[in-house]
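Below are two complexes that have subunit A in common, paired first with subunit B and then with subunit C.
Up next is the complex of A and B:
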């Protein structure tokens, strides 16, 4: 369903960043603009999610085509349940970290474009959650990364610069591979639109006479490498702990909550829809048709999930700094999400969506707590922390709730995510992953208790940098941010049923792409697949070969028959467009969907875009010679 | 930074010509290769050459505003152009229908002289892009120039 309001989720932070550039030297006004922007994003995203949750299936995906250009050619902005959930969580986390930063950041640092950069970061994040094609995903990533580079070095200490250099180098490498991959996708399928790609792949899967192009699995691995690096999967997570160790703690909280999840989101979006395919038709236990999954990708995802979960949690147990423990835990938790994606059933994907949301909120809350702990003790080294329970019991309560949510103690939010993912793992024969998930949970508890007992329970031996009362009064906004996020975490735990309603819908949409494809490409875009499947279940082979409509341009040598075909063009347009361009004849088979686009392009431009050398004249079609 | 009389004199011709070419490229970009980004880059080359030939003070005199204002103004123009149809569509257009962001209008505007001019709304978007590119590159030139300034004085003394 078309709803043009969704793009406002990107426009709000953009406008806010412009306004805060104008107000760069007025701190209070900049802060007000930022808080307003985050609140508006949160409110808008929340209302849109409420709207699509109760809507019937054909209205459950909101689409806006930028500039009114139809789907595979224009820029599509898509808001479905998964995007909605994540944008809500991103806005909440952003708001919490932003409020928290008021009492953490040095005023001089704050003037170095901190406010505009935060808004630009949110712009990139929201755009990557909503974009409908691969190239715009790349653009959104770049916007987000540019802002994150600048935020990484904000305040410029030498340590920060050293780590930022590593981060920038890795991300530039990943972006290059991403761009190469996008180019290869365009070469193989002639489209970059995610829904269009999913449609083509679904048609290939349903059609026994066609095969996926060679190198498709290699392409999938390339994309996995890129998103794995951004999302900090198993062999590619080495950049994360050191980077998050050096930056101001509010920004570390935001990055730990948001940035890796954008990588995981893209895997959750692209792999079930497109890249995990092996080109075969398969049905699930309920008899519905689902695409066949490639064993190579499945194995890579499962192994990545297992190692990410387990090795990272071991790393967390061995660390002795609060920041490092939390940073390494980000990786370990990403493992659970990849686990959910690797199982690739609708319920597991729903669990993955829920887990992403809860992890963003809880992880950010923990980082923010760590910020106040550092204010109390002047350090985050566990050896010199202690006695915080006596000094500051509200902080201890907030930290305990957040930590237990991360571990997944039953009434709290982490439990529901882990339970669904692990249960699905056992159900789908990935019991090894399930066991590793459970062990990881226990070790998570151990490392969280380590912070708890050293930092809060131990006798007070810290060199008291500042008096508790002074810290409390200087950290009011920090407490506000933490309370807000912990409140959200409690809501996710006690209101898990309501959130799961949205998450289940997200899982269904990811598992069965029909709703998504129809919403983006228009009615009838998926008919070809249905026809092929019906033909295949009724009578195989000949019937299917008749109705193939491959969206590709083939070039053949000229022959006398083709001239005849060319003269009959306008009548035959719905099926096949043959254009003579000596010495070649271009033959363009058009599916039902393809012909609609061709007609539109012809009526608006007078030429068949993207082949401008073909134009319509009064008598028929004409080829313009170069 | 060294600056020779030859470069300075030649730049008297090159600078306006390059700016004109940049403007031409920016306008041409609606239907042909070119556009705001390309135009902005060419204009940035002109400005860079100007900075090399005339020095930092002349650059500041030529462009007295902070580059970040130019960037922000360009982004604001582009954003407003994008937002215009979203407000115009449902409230002011004849059909009263919702329009997506960045929808383009291509009216022929009668300027009173000669033929009506084809003036697509994408022109304003391109203008925004042009300003962003110019602002960013001027910002970089100014920043790089700050490092070089002390050497320049030495050269002048010698």
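Up next is the complex of A and C:
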């Protein structure tokens, strides 16, 4: 359904960014503009999500074609349940981190275009969540990355500069590969529109005479490399902990919450729709058609998920700085999301979407708590922290809620995400991943308790630089940011059902691309696929019909033995039991062997067939003859 | 033609990766620049041959389209619409314009990244008085 309001989600941060460039020397004004922009994005995204959640299937994907050019040729902006959830979460996280930064950032740093850069980052993030075009995705990534490069070195301390090169070079490399991949996609399929690509792939899958182009798997792996690097999958995570260690903590919170999730989002969007295909047609347990999954991609995703979860959490347990523990945890949690994608069933993808949202919020809240802890103790080294529970119990409560949400203690939000993903893993024969997920959860608890006991429970051994009261009064907006995010996390936990309503729809749409394709390309775009599928499924359906109708032709179908038995029957005994149950009529010959044949008929049909003439006795089946 | 382009892409990639593995950040920045070029070249290489296939030539002859701007008759035209194509099918004789649009965008973005990277180099040089990777790493270890 066309709804041009969605483009406002990109326009708002863009305009806010330009306005706050003009207001660069007026701190209060630029802050106001920033907060307004985040609030507007949050409100708009939330109202749109509410709107599409209750809408019928045809109206559940909002599309805006830029300049009125129709889909595969123009630029499509698409807002479906997955984008909606993530944009809501992104705006909430952005708002929390932004408010938090007011009391953390050095005023001089703030004047170095901090406000415009934040808005530009949000512009890039929102655009990558909403774009319906691979090349546009590349552009959105670049916008987001340029802003993140600049935020990474904001304040230009030497420590930041040193780490920045690693991040920038790796991302430039990834972008180059992405660009080449986009070029290859265009060379192979002649389109860059994601929905159009999904349509072409679906047609190839449904058509037995066509095959995917050579090198399609290689292309998929290229894309996995790119998004894996942005999303910090195993083994491409090494840039993350060092980078997040050096930047101002509010920005680290935003990056930890947002940036990796953009990489995960693109995998969740593109792989079930396009790149995990192996060119075969398959149906899911509900009988809906889904594309066949390439075993190569499946294995890569599953292995990446396992190692990302487990190795990263071991890394987190071994760290001794709050920031590093949290940063390495970002990676470990990404593993759960990749796990959800690797399972690739609708419910698992829904779990993945939910987990992404909750992780963004909770992880950012934890980073922001860490910022206040640093204010208290002047360091984030666990050895010199302590006594925070006594000094600042509200912070302790907030931290505890966020940490337990991350661990996944019911009824907090992490539980519902992990539960669904792990359950789906067990259901889909990926039990190794499920077990690893559970172990990782336990180790997550361990590392969170490490921060808790060293930082909050231990006797106060920090000869602090600042008085608790002074910190509390200087960090008011920091507390506001944390409270907001923790409140959001609590909502995700206690309102999980409502959120899952949206997430389930997102999962369905990812699993079965019909809604998405029809919404973007217009009515009838999917017809060709439907026709091809129908043509392919006619054959098996006939077979099924035959096997159901087997009793109709009675003994002839049930094997030579019975055939012989039936032919031996005297004519007068060969009455027929006629069972009418539309659309099938079954007639069963009765007589000497009648009971045996009736038994077969009953066991074939089971409870589907009410046959009052046949009753089960202790010795077997008895047919009541009229 | 595609082969020549492919070799160009390979050589550019090789040079850029060699530069990026170097010990000096100036070289690394140049490597990043070349990397972008290599990617752009590869898009051109993947966007289809500039030479017409036999079938396309036959279509062209059948449609009675006479090429004007190209030296040899089997090369495709640049993607510029002129009046002579107004009522005919020019697609077979034209190079696909979309990859060029992609490359143009990519060049601009690459330019921005390059500008940022060079600025970063200047700032680093001012702060650390060096842009050697090994020196920066040593300082990191001392700190």
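Keep in mind that, in the parts below, the second predicted complex is superposed on the first by the 538 of 626 C-alpha atoms of A that agree within 3 Å, B and C clash if a C-alpha of one lies under 4 Å from a C-alpha of the other, contacts with A are read in each partner's own complex, and residues count from 1 in each chain.
Please note the rule applied: contacts are C-beta pairs under 8 Å (C-beta built on N, C-alpha and C of every residue); 3 or more make two chains touch, one makes a residue touch a chain.
Predicted, not measured: the structure shown is a model, and the values here were computed from it.
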item: Combined model on subunit A: subunit C and subunit B, fit or clash; value: fit
item: First, second, both or neither for A:278, with subunit B first and subunit C second; value: neither
item: Touching partner for A:65 - first (subunit B), second (subunit C), both, neither; value: first
item: Partner with the higher number of touched subunit A residues, subunit C or subunit B; value: C
item: Touching partner for A:7 - first (subunit B), second (subunit C), both, neither; value: first
item: Touched partner set for A:150, first subunit B, second subunit C, both or neither; value: second
item: Partner chain(s) touched by A:164 [first = subunit B, second = subunit C, both, neither]; value: second
item: Contacts of A:186 with subunit B and subunit C, given as first, second, both or neither; value: second
item: Subunit B versus subunit C as contact partner of A:15, first or second or both or neither; value: first
item: Closest Cα approach, subunit C to subunit B, once both complexes are overlaid on chain A (Å); value: 7
item: Interface residues, subunit A side, partner subunit B - complex; value: 2, 4, 7, 11, 14-15, 18, 21-22, 24, 64-68
item: In the complex, subunit B residues that touch subunit A; value: 68, 71-72, 75-76, 79, 82-83, 86, 98-104
item: Residues of subunit A touching subunit C in the complex; value: 135, 138-139, 142, 146, 149-150, 153, 156, 158-159, 161-162, 164-165, 168-169, 172-173, 175-177, 179-180, 182-184, 186-187
item: Touch list for subunit C against partner subunit A, complex; value: 20, 25, 28, 32, 35-36, 38-40, 42-43, 46-48, 98-99, 102, 105-106, 109, 112-113, 116-117, 120, 123-124, 127-128, 136-137, 139-140, 143
